[in-house]
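Below you'll find a set of structures to go through.
Both complexes shown next keep chain A, but they swap its partner, so chain B is in the first and chain C is in the second.
Take a look at the complex of A and B:
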């Protein structure tokens, strides 16, 4: 639409210019007006059924729905006129007559568009009196992670349209007619499509609920932090919802260039491990066969001593779930060695695309920063690197879980520095253990498969003395007089941008919350 | 003839000329009566010429809205870039309307001929005739006639020997009133749930299967051969009152009259005369109380309004109602208007497709209030509430089913308020009804 000619119109007295073809409801956002709506969703085809977005358009006798009316030159739109407000108040009253009004036990309360708009412009009292029975249908398990509570359904059909036009697996429909209508599911099918969980987010009311989140927390108790999904190399933008330092839910955050409004069910479930209790909470240094807790200063001194005191070959075994900053700094620590840098990643055979959105799939590479690691010179020849351990003077492990790597194998190497969130058995062979924050506990960046660098933000505090890997490695570099230390992830990133040509010119400020494609990389995201 | 009645002298028999004449149903019988000459004539013209004649005739849609047929046809793209379609709306489910059924039962070839002419005029390769699911006999007759028309080369790849291709299919509905709404009908033909669609885009740009489409009612299309045969000027001259209402109209009369049935009169015919003379008036000892002239979806007329109403588009509007489909429902003084209105509302509540909030919830709520009033539990404020709900249900939804539910309620309360109040204040014996919609 970018090259469409502009049309000028006035919405609630505010003049705006929008490309021809823009819907009034979108144009209104430019005027700072959110027109109340239910069935409309920018990620779905227009339905025009709820009739909530009725507005007055001067010179048009009847009220028009803003979600299906295109902006036109000279149009004057009144959203808050008495006539338009009355019509919307009417819709709200109609929506409530069959609604159970069970907000106190509803997960959606606090983030419910029915609550919000009724509060904003609804009637204070119903006229559906005195004793009419309300429509009743029992709760139904739609399968997957989804429960359907039909009594709360406002029949906006967002869920139906998502399954039909975006997932292209039309197993939901509107069943029955009149006020007996409800959302039906194909009798032999479940909502087990890999992207089906999106219907829960799309539902504007508490009618479709996540079983995983059921009764876990009230919406108003949650803090939301922008993040990037760690489930695969697609890099869907997410929000981590936390309640007092516990991640309770992951939901998609809109980014039209990556995931539009969606994320897959696999990604949604990538959060429980962020709350693990068995974390390393203090730096550890080997004393004989025992690891003993020490101060950070002591640990850094010991680690620096190891790096300074040896020469020859070295290896970094890194996790492709580590931040770009940490991956870069880890190699810098062992810069003067003959270095092998490797990672491994779980690969499954099939991708699970969301057909209706170009270039969006649960990818077969099940880690968020494979591209970042590769760009920084890590290879996927993990086995080769492991075999070469015995000839290495120093091995630095960056949060690789060390599955299949025994303590003996590690001991065959010269010295082992282990940076990790948890302490697998093999890591007990390390000479120094440095506790690091997990992805929810630090700021950082990942590079997705389309070379889009995206920031994630700290959502909760790490346990004990655990610190972000960029901080730990920065302190170590400073101890070695090789660089650092860094006061923030942004500083660490800035150093990387200065040193690594591929990241040249980028900064946290430029990346913002939407990310940017690496200058020489191919364009990422939707439509590419 | 076996047809319910001999034409009354005051009828103008055009469409109904062969009602009751079984031989007219067959291809040979139809040709013997001059059938398919109009099609031959039309196929020899340019499509634009055919449209021009229909425009001249002043023929307006008989399905409810009264939109000029020729003008509608001219909305189709002149330059054909995609396949064009014609839909014939034979879903006739409006309470009180049963004229299209008789056209299909007695003059199936007349309808096929009308469709073929319109199809040619709008340059469509295919016509779908969408027949109400419950119409088993009309469907059977239409199927027979269609097969005959193909057999005799009226339709098919070389229609009437002109080398032009005309195809026609019957599509049987599954019993939903809403499928008579033009865009719902198209969704239904496509195999989807019969839900009305938001407009724009209009059918002439984006109709059935997303292609340019014209849709007309059975009676509209069945009138076309007569216009082609006898000329636009002749048809235009059939007008007793307002020059913008031309031709003849079939009225399906039901309710409290001695001789219910279909009557064909010239546009502008007085409603009172239709009831009193053609239909024999209300039963003996009774007086006329009210009538609904255009199927159940239009405002109710009281006795005075009925007696001065001219049956054409403008005449009905003058009395605050609409000609609609021409289903005339007559009530005498024994009718309980509160109950009758509740029954109508219940029909709409049952048939609402459930897309629009106001219609889905408003129709059912309206029924509940009316049933409570009938049960003697109404309150004075209920009438204002009904009027307010009706206001919210009018002019705000995708299609006018919602408005159609409101129309009889609003006009009923306005004109028969006393009957409502009698239930509310207890002067009339309660009449509890099952609560189900």
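Take a look at the complex of A and C:
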């Protein structure tokens, strides 16, 4: 892009310079003007069907659509002139002829572009008589997670273009013609493509709905927190939508270097476990054969006593869902031992790529921080580590669900410190149990398969006394006089960046919400 | 110094209580012949020249459709607008796929009777009522659930209409 010649143009009186070939609608964003649009989407091919982005271009006799007009040298674009506004008002009036007045029961209400633009520049009253019968088609189940409400459809064809050009499985089309047109689906097919859920996000109105989210919450009740998808090692950027400390849906967050504007259905459904109710709410210490709830101070003292009082071999059984900070600090706690650090990850045989976007797929390894764990010296030889448990003086479990690891096997080890969100039966053999926050309840970072370090943010409050793993391990390190404690995840990361050369030079501030590729890593990402 | 008492003689007519008493009796008796201004609540609840205003905002009532179902579609606007945060709403879906409230509760103790819920309701379902007799034996009875709101029969409030500012 950099070597392309620039053209200068004026949009709403603001002079801007953009590379040749830029569309007027994109150039307007640089001028701080949002041109109303429905069919245009930066991630899809241009269709120019909605006519909503009509703008006045001086020297051109008729109004032009900003989404299909390239910026040219000396162009003067008026977005808010009387002529352009009147034209867009007309377009909105046509869209509203058949659009039902069912905003109160529509899931899109509050984040609906039709609502926004009508409010912004539509007519305040209808010119149609109340007896006018609107077009009616019954609600259709498209299969997968998608429901189609044809009455609300404004025929922008974003969904059709997504399935055709991005997913490359053209099973949607515009059926019929004129005012009878609707979105049709192949009669023998369902919308069960692994990335089909994106059509719900792409739909500017409430025509394509998620069955999972149907009637669950209103858009204005949701708090959005930037996060990273935990579904696989791709590390798609997401927003966690929460209502009163419950995650109710996950939607993609645009990051052109990772997932563009999309995320897969598998990742979309990866949120219910974040709301689990059966969490550990207090630190527990073994008292005879029972685990007894104690204060944090007491638990740290006991854990430090275990680490200090033993020597020889030790093992860390970590989860690749733990943050990079926690993985690093867990190894530091047992730094002076002969350490075996292992994790395990669920691998499925097939990846599910989104064909239209290079280097984007639902990956076979179904955990977000496999690369982070590997970089920090964890190996995937989990079974070997489990077999070696009996000879270990100390075992630190970091949020591994301990499936297939029996309590007897853990008892065979010397002392067991268990950091986890929930308490599996085997973990009852632990000597100290420290409750930690899950991914929605803490700040942290994941390293995706392209070695991109990405931050995720706290979206809700953890239960009871559960605290982020970086805090718990930091306090434990301080108790052992090995480092810490940390006041924030940023401090923990800064310490890791100082100690671990691979993360050198990085900080939370630099990572921002888009993440950065590790200095030694290959420059990967979409289109690279 | 010895204390001396000075005795002042007053005219008989001024110190007699009889005159004042009779004057008071005249006032009292004159009221017997004047028109009555008190209302004998609870036997009598309104008079010819005094009733509750049609804009009175009292405890709520949920209007129902022909089938007796609440008109509410659980759009979530009333809990959003409510300044006292007294409306609890959980949306759901009925057998026919219509959106309706699974839980709709109004805490009448918290309510400040501003009438915003009625004003904001797009379905004309929730209304404040022209009603003031709400005594209960238990505090918990002041949280009205959907069934109770639908069962209310009192008239609903006519809110002020900005397009007809003088009208009732």
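Everything below uses one rule, namely that the second predicted complex is superposed on the first by the 527 of 528 C-alpha atoms of A that agree within 3 Å, B and C clash if a C-alpha of one lies under 4 Å from a C-alpha of the other, contacts with A are read in each partner's own complex, and residues count from 1 in each chain.
The working rule: contacts are C-beta pairs under 8 Å (C-beta built on N, C-alpha and C of every residue); 3 or more make two chains touch, one makes a residue touch a chain.
None of these values were measured; they are calculated from a predicted model.
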item	value
Touching partner for A:127 - first (chain B), second (chain C), both, neither	first
Which superposed partner A:246 touches (first chain B, second chain C, both, neither)	neither
Touching partner for A:256 - first (chain B), second (chain C), both, neither	neither
Which superposed partner A:269 touches (first chain B, second chain C, both, neither)	neither
Residue contacts on chain A - larger count, chain B or chain C	B
Chain B versus chain C as contact partner of A:139, first or second or both or neither	second
Chain B versus chain C as contact partner of A:218, first or second or both or neither	second
Partner chain(s) touched by A:104 [first = chain B, second = chain C, both, neither]	second
Chain B residues touching chain A - in the complex, by the definition given at the top	176, 178, 193, 198, 349-358, 360-365, 368, 385, 389, 392, 395-398, 437
Contacting residues of chain A [partner chain B, same complex]	46-52, 54, 62-63, 65, 68, 86-87, 90-91, 93-95, 97-98, 127-128, 132, 154-155, 157, 173-174, 176-181
Residue ranges of chain C in contact with chain A within the complex	73-77, 80, 91-93, 97-99, 122-123
Complex interface listing, chain A residues touching chain C	103-105, 109, 139, 214-216, 218, 220-221
